[in-house]
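Please find one structure pasted underneath; my questions will follow.
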Amino acid sequence: MSEERPLLRLDGVTSGYGPIVAVRDASLEVRSGEIVALLGANGAGKSTLLMTVAGLVRPTAGNIELDGSRIDGLKPEEIVRRGVALTPEGRGIFSHLTVADNLRIGAAVRKDRAQIATDAEEMCTLFPILGERRRQLAGTLSGGEQQMLALARSLMSRPRLMLLDEPSLGLAPRIVAQIFEMLRKLPERGVTVLLVEQNVSLALDIAQRGYVMASSELQLSGTAAELRSAVDLEQVYLGSAGDAPEPAATGGR
Amino acid sequence: MSASEIGQQLINVLSLGSTYALLALGLALVFGVMGLVNFAYGELVTITGYTMYLMTINGVPWGLAVVCGITFATIASLLMERLAFRPLRNASFLTLLFASFALSVILQNVFRATVSPRTKGIRGPGLLIESLQIGPLTISWMSIVTIVVGAAALILLTLFMRGSLAGISMRAAAENFSVARLMGIKANRVIALAFVISGLLAGVAGVLWVSRSGSVSPAMGFVPILKAFIATVIGGLGSLPGAVLGGFVLAAAEIFFIVVLPTSVQPFSDPFALLLVIAILYFKPNGLLAPVAERV
Amino acid sequence: MAVFARLISSRFMRSVLRTAVPLVVVLVAVMVVGAVMAPDGRGATYRLLVNFLITVVIVVALQMFTGNSGIVSWGHAAFVGIGAYSTAWFSVPMVIKEDIFPGLPAWMMGAEWGLVPCLLVSTAIGALAAAVVGLAICRMKETAMAMSTLGLLVIAHGIYSNWEGWTRGTEGVYALPTNTTIYIACGFACLAVLLAVMFKYSRVGLRLQASREDPLSAESTGVSVVRARYFAWVASAAMSALAGSLWAQFNLAFGPAQFYYAQVFAILSMLVIGGLATVSGALVGAGITTVIFEVLRGVENEGNLFGIEVPQISGLAQMILALITLLILIFRPNGLLAWWELDGWIVKARDRFWKGGRKLAPDAGEKGGE
């Protein structure tokens, strides 16, 4: 493995909501051009970790570096300007806006008007259904179409790093396969991916490396192949499914 | 009731309704982006009124007074955001409501102390009190101007909200503020913009309001905020088309009771209209055009 | 007797008494001061203290609803008005009534009732009005409900100002008998505090508080929450009407302006300053506000109606109160007392005194605050 500087580096990051610690002492790296999976049971803190990187949740300790410069403590609107796009859990599309307007909002950080229009065209070829539904309100799209829109909207900001939170949530296998096929090709477009997924085998199919999170902590990491054969992966899932993060007052160190 | 009478009343509904719609829109915009029902919004109308009053009695031409009235309301709206509401970002609905109520009372007393506690008359251009005869209909210029200004403002606002990136951003922020920030929309800027447009709308509505009533007083903001609040709630708080619809429904209810009630119970026409509105809310507790998605 | 002993020793009663006793002590102290300073029941201080005790009933009544449900009500001043007007209908001497209330039916014309029947009938009328209105209002979302209570205030004001035969319109009502003494006012203030504390710790009250703090219930309001709200609404409106009746039988003359915007603002400010969540907050807020008004009253001229002074809130006092309210909301959004009743603060102060400060555990009825 090369020793170049990672695109994203978390070092001892702790964050949560008021007294609740949802991510504890997390350290991870994502190198440019990689797809990295972040796996873990419900409530493990995966979404919180992504939101912390994106700036929606403030870390209480640790560093977050993007391409060598600190981004922790910045506002979400500044972090996206540095090339980090979070596609939130549950998609978070703007259902009262048209598909076209959703795409336009995705490019809100960019100034190159002409290029934005061509990019929107490209999204419509990447996801033909979005082209057909262009003038329709996004709220009227099906779940799968909404997920495609959410991905396309994130791509519109031309991110260096995409944080994807459960893109397969609630979708039929055929649609999931289609979306993952698209995700696999993201590094070719110069987009690095940190992917949170419940569907372990799918995620490890497209990822080169992965981390496993349980009870607010990163407990395991390795290449996709290593993780796939790790016997205790199952245990991490089953064993910690009921764990909830403890309040800082009693559980803090 | 004859056809021409019905036509006459329809024009009244249109003219009153467009004033209410403008007021309601300004309230709904700010509610959309920060969950605040700005009770001090009525005082923006008062600021417009006092600006126009102070300028016209000092011989400033009406047109300039109108422009300044709208400008001052806009600036005041922006100042409110900066001084009173920015420290209260993310506060609960109740806290925000109380805070704006307190701000409203502060401003009313500032007007009382600095201008006058008494009602003052204000004279508009003479044309506004004249009427136009179209067939069987007698239409006052006031109504015509109100309807035209209201329609123009509605069209401009619609174009802005649908066509410009800023407008789309504002609608996006109203639907889901956090995700809007993830798209790079700046929280401070979008909220400030909402207050600016809200101030502009209050200013325009204020000019119409003062021209119609012909007077200004420290507590005059109560009625506009009341109407705007009612209109946005019947329309579905948070929905912009709802705010417009609510404005017209409220105007129709008020005019309806003025027309049908006998003279002896005429003073109760407003209470009746309010009862009707509460009855509407009983059947549609979320308003007529409730937004489907919720804020995050 | 055994049942009574069991009740007293129950956890619920212990909480109630722990909270209510210090408040009752404060109220009784106010009464004693008034009774000692003005044994003849005259003078400005006496008036101030009695009006304060009545104000406590009004604010505690509003706390019972808004404090537990988290929903603002602008409408409670309307119920105070209902209490005051109903009292006038049944207590003003017949000769005057024929003049000022020509619309009253014959059987009401003849009524010249005393304190207790007037209180009862006013409370009943207030409760009835709230029961009818509540059917529509209580199942709305908090925003719609806030608007509807404001609508209610405006409707009531419209009725008081225009229903000439029953209210004498904007000219106002006079010649009520003086029945409210400082003992009576204090008795009802204590009762109001006790009832509000009991409600706060009751199952219905706790459910209402839970609905306030649970974000999910904001969208879909369950049947049990609507019932709890309805109960709180009717009870607090009835208590407001009772306070209106006490107030009318002390101030003797009033008009529709006494139950409107300025009064609503004063009551809400008291609640915000002291803290919505606690009954003690209502009392502390009422006290602070009364003092502010009293101090500033010297600066300005007094309100005057038919030669009898009425609590008229003047510009400067109102402005300063509004400023204080705004600052409290910004810097101490849960009010001065926040989540702890007076007893909690007493324990806190005692612990700090003896042990140099120990962390205070929240009340039994609270969810731990922030």
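First chain written, first letter: the chains are A, B and C, and each begins at residue 1.
In the analysis below, a residue touches a chain if its C-beta (ideal position, glycine included) is under 8 Å from a C-beta of that chain, and two chains touch if they have at least 3 such contacts.
Given the structure is predicted, the values throughout are model-derived calculations rather than measurements.
Of the two chain pairs examined here, A-B and B-C, the one linked by more C-beta pairs in contact is B-C. Chain closest to the overall centre, judged by the mean of its C-alpha atoms against the mean of all protein C-alpha atoms: B.
If each chain is reduced to the centroid of its CA atoms, subunit A and subunit C end up 52 Å from each other. Centre-to-centre, using mean CA coordinates, subunit A is 42 Å away from subunit B. Taking the mean of the C-alpha atoms as each chain's centre, subunit B and subunit C sit 32 Å apart. Taken residue by residue, subunit B touches two or more other chains at no position, since every residue touches fewer. The residues of subunit B lying in touch with subunit C in their complex are 37, 84, 87-88, 91-95, 97-99, 101-103, 105-106, 109-110, 112-113, 117, 219, 222, 226, 229-230, 233, 237, 267-268, 270-271, 274-275, 277-279, 281-282, 285-287, 294.
On subunit C, the positions that touch subunit B within their shared complex are 70-72, 136-137, 139-144, 146-148, 150-152, 154-155, 158-159, 161-162, 219, 261, 265, 268-269, 272, 276, 315-316, 318-319, 321-323, 325-326, 329-330, 333. Residues 54-56, 75-77, 80-81, 85-86, 88, 92, 94-97, 101, 104-106, 108-109, 139, 153, 157 of subunit A are the ones that touch subunit B when the two sit in their complex.
For subunit B in complex with subunit A, the residues that touch the partner chain are 165, 168-169, 171-172, 175-176, 178-187, 291-293, 296.
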